[in-house]
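Chain lettering (A, B and C) follows the sequence in which the chains are written, and residue indices restart at 1 in each chain.
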């Protein structure tokens, strides 16, 4: 009887698991491409960067962080990557690998199954580094950057570790140049308005937002934009604002970072109760951002900067 | 003339001995299976050969490379051993709580261990971003452990303040109050730090996937001590089955027994929770199933819960690591999947009995 | 064989006095029955002697006062049969009676050969041997009463306290239970104190009756002395006649208001 009930459980369980697998999210790859030269340069190993030392050039890299996947491909280490996590949806070559490791619930055995000589993560969900080190697998941890400088540092560290330091340095200086140019171009638009431009940055459709202390908040600060969420809740950099507060603060611009997760568009925003009379809605200054680009601190941050710059130009033109 | 001890005790004793032997054998098999199955590493049939090879005086070529063996020994083994420890601990703690509170629906998280540990873990996750990467000891299990103990301590204090009698019902109510309050605080903290929600959620679901030998060494003394103390009290839990009054009239100091059992069970549970998160249902499913097999006497239920709890969690960990390959399914989800049908079955069995 | 003495026993619940200075001495082998209306304090006296409620004054066995701190000592000398014992459904009769040996088994130890011998003797004496492996939940009311007495007997205590032992039994089982207690009393020299509602039965089996009212003893003596219709009318508020049988049995017969 016990055996039968165990078999019963197993059966029920398998059905449920199948259901579970069927309902998992699907990824969408974005269309934009970043073109970078791939050079294989002579680098002297062993190399120490980012807190770890590698004795030889890593040829079997596993990345569990979508941001760092983008960095690796951008600095020309794409051929050295053998597996990425389920959320690494850019660039297309990464998706083409067909691997779907998990960065949040990592299965160490599966990771080890790829025989990696370098694993790149953005956070340790618990003992992951210890477990990988027990298998003599070096782990590079690139915590969420809180500034552009940190982002550049991580790109260059990965460059050093993978043997593409020159490409990495080239990339970061290019990024810096592009960003500075975009900011400079818009400073004209920003000052033309007279008063500082306020904005609301929407993380999801329940009005979670970010303050200027966050990475993406700092990008906006470069343009002199003012975040309506600053100072609302001391100590909380990801507050949830109420609809009333947002409407009463009446930001001039709204940036939607929930276009992919929550299907928000300027149309859906404009039909929200009480939002119709807002400046941003009336003047149609609602900017759609790609969720992924807005949440990562890799090379595509330049695109984010350009989106903001373009949007500012429109605002200026509208006035 | 009937010889004393002829009729009643020995037959029961041999049946229990037989069952224990079978359970132990099953546990060994479960552990073996647990080490053989995984998403990577050596082929499953090579593992027992290599295990035999590692025994002293036996040399056999299994064809397992050092890297593959490393996966088995460094990643899989600690996980299986942790499953044994945590499964045994949660089961025996659940059974003990059921004995002390005379309520079959009680689990080891009753007096607030889970909520307290959850709050401790949440606080560490929110602090971790800034401060704790370079601490000497991992703050997470420590905070969970301390949080669990503090919550149960608070429950006891509240129970004592509001009722001189220190009855079991008062303690349960106090436990509910502490759990509610602690969960509310945790929710508030999460609300203000919602970038760690995912990590906290993941921790709460319970996992053995991050098991290391360090974790095993960390909780082994607590689990062994706790199980030992609880086993020593099994006859006393049987005396408690006739109620507080009658047990007192039979010469038992019920307050001391209750306190000792709760303390021991809480200590072990807090340790288990500290490294594996909140794995639910084990503390209820296993003792009840054990009762169906060996009857309701705690002298049999406690030791069998230890063995069967270990078997259950070791086996539950296998789908946890291969179902969503290459990701993990938190083991709390697996045990929950067993939980719901189990309760339905329990309802049906009881309906037939009544 | 032990004497039992109550000296100035007083019990209060939340400031309300339930028993007010109860005094009595039982010589060994005596059967005392406490009678009285609801709330008179009969159960409280028994529960105090069993160590279940706080009391002031003293309870002494063989002139030795029971220490408040040692539940074990008390359980070895006083066995208590409660009014509504909790019967765990899935416990075997053997295990249930084994509980009676708790005062003698070391805290963390198991029962010894001697303990097992005692249990088997008790089971045999009470005709429960064939029930040994049966679950308590499958027994009838009368059988359950027997196993509770068996458990009390297994305690090998010289004093036996019975709180309403016949409350849930039919007339046949009532007689069986009380006859059993009486037999055991003579065999083992037990000193028995019981609290009972049925006055005729109380008079029939007890050596002496104590009538309690509002926490105090208002009458004490044998059945003929205590069971008088005017006494009963005064303290129970009942209208009853008392009939004396030829063999000395006192029968209490309630009277209807318009009886003829």
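One rule holds for everything that comes next: contacts are C-beta pairs under 8 Å (C-beta built on N, C-alpha and C of every residue); 3 or more make two chains touch, one makes a residue touch a chain.
This is a predicted model, so every value here is computed, not measured.
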Most distant chain from chain A, judged by the mean position of its C-alpha atoms
C
Innermost chain, where centres are averages of C-alpha coordinates:
B
Between chain A and chain B, what is the gap in Å from one C-alpha centre to the other?
38
Nearest whole angstrom, what separates the Cα centre of chain B from the Cα centre of chain C?
44
Any idea how many Å lie between the Cα centroids of chain A and chain C?
79
Of all residues in chain C, the ones touching two or more other chains
none
If you look only at chain B, which of its residues touch chain C in the complex?
2, 4-5, 7-9, 232-233, 235-236, 238-239, 241-243, 245-246, 248-253, 291, 295-297, 299
Where on chain B does chain A make contact in their complex?
38-41, 67, 70-71, 74-76, 140, 191-195, 198-199, 202-203, 207, 209-215, 289, 293, 319, 321, 323-330, 334, 337-338, 341-342, 345
In the complex, go through chain A and note every residue touching chain B.
2, 5, 8-9, 12-13, 16-17, 20-21, 86, 99-102, 104-113, 115, 123, 125-128, 130-131, 134-136, 208, 233, 235-240
Where on chain C does chain B make contact in their complex?
50-52, 71-76, 78-80, 82, 85-92, 94-96, 99-100, 102-103, 105, 107-110, 113, 116-117, 120, 124, 129, 132-133, 155
